């Protein structure tokens, strides 16, 4: 089930995806019949962090049990939560399945500091985080439903790594690409990354242009969606300006 | 069902309502037995926009169906969502019934930019919006439960305009007056606007005064609610200062 | 049921608790088998206020009834909500049980202004507050699920004071100690205050140190949890720096 | 807060109310502006029991705490839950506020057997009951959201008796009259019992007649609501048949 | 929006659909990419009624408002709820959008008696019904989330007929075919009725056969899904027994 | 993670547990500090089946994805759902984690028929089942939140077997003992089976006796909990009657 053998992603595709908003990406996935790729209810907790993009490294929790989930478990370096923190690779995103239960935190400041130090690209949980003020100062993209002070042991039992999970009602397979911005997080199935990446970047550029035209007074008709004349005007301006390639 | 024949609203009443907070307005409506006029769960998404006041222009969504709600529908200028954007009048508020389902957005940056350009007074949805960062920069009062990247077609089918709707559990009829501030949005039934507008403005002025007295150390007894002496003191100060008339 | 005879709290314990984060405090309580002491879903509404610590003064609401809960009730100075505002002592925290129903506010700007003037340490509700913008300017720690404009009479009937209540699903007895920070609010059962206060402060100091080490690149192993060497290093540094005693 | 001094209820009024369905009673209360008197979500658990009518005897729970709510508490005869069982009077209905949390039971077979033996008129909880199969055999009207095996101590702490409570979102004051049938439970504020009882019984008789006419093919127009001719036909038939007076 | 011009449905298709279970029908619709056709949460309320099949006749409710939704509205024969009862045709199913709010009933015994008398094929609401005991005796297929005594006026305002609605989160257009059995209700988009009806009936027959084989001890492999041998055995038995054609 | 090496359970312990109600078992587990062992919200769907007891065999689902979860997957005999059906052993209980989402079924009539034929002791899901009428006729103990017609592929992706799961918010490890009766289902951690089994059976016998005494008019005091005299009376009667030993 661990997906170590996955074919590598093309850096150009990642760069293209990284230029697209999560809104644009869901539209591209929608074209391929995928309607459940956006993780609803998660908000960015790290105002100073860059947009998030990286491969999913998954951690699964089940409900805690009082005789199993005691503070002493953290003395074990093989505890899945602690192991995950030291295994999530540079450029990867730790995605945690907390069954949407945010009454106890999924993780806290020290663990997220460690992941930031190790170069993780981001943290996503359908639960909450503790020490949210410290976390908000890290240079790490973080998404959760909010904060909670309670230790994860009270409700969550970390059980395994790198298995397919549900997060906020969305299937996330290890190696899928997670993208995050102000609207939240979208999960791009790995095999669709090369399929949609360039189209997403192009849609993004076009819509940025169209939004400006609408801001200047253009009506929807002819502009959004763009008719032939608008598309020609867009192409003319594109050839004039330096569009950043990634 | 469209309410084009409605009697016009008195600009003085609108000005008076516009001076009152949503908290004050709910109290005034409560006096007339209306307990369900506040739209719970909606938060302002536009920190730079002014307070919102305007007539409701309604748009109703039902759940989407995969064979009907495809990207091509937006090529049709008669699509109800797109039509609504071009029909909502200056000073009106677009109110969308998304059945409280925010897992897909009700609308996004380009459509809201167009509404801002056309002079809309605001946007209200019991769902979410996409491109929330761009939206937050618009000079447009916007209220939603939050953000979501997913295109509305994944879950929402725009079906008709200017019919009575429910929004966040509150009945909204076309032509009702929507008022929004930091506490959220209240719907004032149109026929009650002349009934409560002046009283709301007066309550607002009085309570502003009372809050200052309490801040200066006055106890509740005698101050809130105000007794005769406090009311006299209020009247004296009112005659001294320039109370803005709207 | 009122708990006027409770033994006084040791100011040193309160000072120690006041130095610990709510995350740390839930861990300490967890050691004693308490898993339900954090009030989930409440957010700080007062960015400028200090951290909150104080004894709980409780107010219980039941659902409103149309013939009982009319505006005239506020002319009665014995109305429990108004009475609570004038009875909550300096350094106490008003904790309101609104059954988690935030569609109408628990209280508003004038009442909270009065409590600030009387020296209250904070306000906690599992519902909402109105006039949230004014409230956010007060020098008072305030926690709620958000804002709502609707007057409390529409849904809430204040019924009694200083009885044990549930707030956000957590039992709160009068005299328990409420602590609040950016993560939200935790309720410390009064009899456990002397038991955990010093340990909480010590955990806080240690974890602050560990977080810095991790930020500087230390791995979890050996650092978190700390092994003997790390603990010795911590003790050495502690003896060098001036740790504030409260 | 205990309401021992309440004026007695007229047995004729109780008999009349007892003849009316809960549907009819909510309509009568609605005429007086009360829209929140029906306890949604509760189902009858006792197929063999008669319709329920009796005065509310209330029991309030708050969330449990692990150090307080241990099995030993039941050795104390003053424990509020056990005390309630021995205090609820013949013809009274025990109404329990479990904050709508049914993950642990409010009570079980032995306690309900005792209440049946003592002549209680019924049991109402907005939570659940355990040993539901045994309970369903008792000659006692029982309403809950369903069953749960877990002991109440896991989640519920019985805290006081005969105080106003919320049950399923409805205010219930001690001494109010609880009526139950297949549709569930309605709470009639005590002071309205004499106001609506006879009208409810009369509406019931009329609607029974109207339903038969409609079953025989009568259209709504003229029948429901009844016009003058239908009312005259009803009065003629009424004078012929023996309408039971209670 | 009223869909009076719809092409008629083929009685053979309706007969075929009527032979298929709702489980089978959802599978057939799933083949065409429709994943949201089953109305979750509704239970049959009429144990003695036949399976339900009929065209949808829709009724839309919005939230009630205290000054509009008073008992006197029922004196108006044009009131949409009452009008719907007299307009729903023989063989049609009244489908009500109550926004999933069952705290007040959508309709009651007398109205459903009238619909039964007029030959309606069924009643579907995503809310509740009152007088559920009487309703359960009618020869009418009825689906709701349960019962509630409260009059619909307390929460629901009937607003229009024969418009597309959402019911239990599923889009329902007037003229769609509603099928109900013990599992609940499925909505078949009208244009797909001829596409799936025969296939559904055939799947039903095959699966009835397969279930019997499995009951007799056949393993899944080879039986479900059926391999060539199993299919041949099925065809042989089919030619022996008299399969009812509808 | 598969737990094939688990020490065998003592048949006497299973027999003893099988005599105890789920209510009694939760009380016994509560004594050991376990408060979250009952699976709330599940109802028995098989009125004719015996009480359920057996070891948990687990199946985990994540949310479905449109490109992965298509009907063709069932042609693969290694599909986890189908594999589970053929692997669950005689006397075992299949426990499915559907994340509490019952809008699509977890399984249907044919699969449950197969499991009944293979001698499974029961089926537990925190979702729903399809073909519920057929299922209710099987000689198999079945627990779910209700029924739903929709195929599981629409929402659920079966992902792995025999891993620890959450079901209805409760941790379930492969090999734990699941017990079910009219109140629902409780999960007994495997290592606690020998610890509580005999005590549970004894509590059951005693409480059966106490319930009879209370039914005959005994007050709670002295009877429940039982005092020395009651216990002696119980022991005397026990020695007279033939108490079945398992």
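First chain written, first letter: the chains are A, B, C, D, E and F, and each begins at residue 1.
We adopt the following convention: a contact is a pair of C-beta atoms (placed from the backbone, for glycine too) under 8 Å apart; a residue touches a chain by one contact, two chains touch by 3 or more.
Treat the numbers as computed from the prediction; the structure is a model and nothing was measured.
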Intersection of contact sets, chain B vs chain D, gives C, E
Same vs different contact residues, chain B with chain E, by half of numbers used: same
On Cα atoms, by how many degrees is chain A rotated relative to chain C, nearest 5? 120
Using mean C-alpha positions as chain centres, tell me how far chain D is from chain E in Å, no decimals. 33
Between chain F and chain C, distance of the C-alpha-averaged centres to the nearest whole Å: 40
Sites on chain F at which at least two other chains make contact: 33, 35-36, 66, 169
Pairwise, the chains that touch are A-B, A-C, A-F, B-C, B-E, C-D, D-E, D-F, E-F
Spell out the part of chain E that touches chain D in their complex, as residue ranges. 66, 71, 74-75, 77, 82, 85-86, 102-105, 108-111, 113-114, 116-117, 128, 130-134, 146-151, 153-155
Chain D touches which residues of chain C in the complex? 1, 32-36, 62-68, 99, 157, 159-160, 163-166, 169-171, 189
Chain E touches which residues of chain D in the complex? 21-23, 25-27, 30-31, 35-38, 40-41, 43, 169, 181-184, 186, 207, 210-211, 214-215, 217, 219-221, 224-225
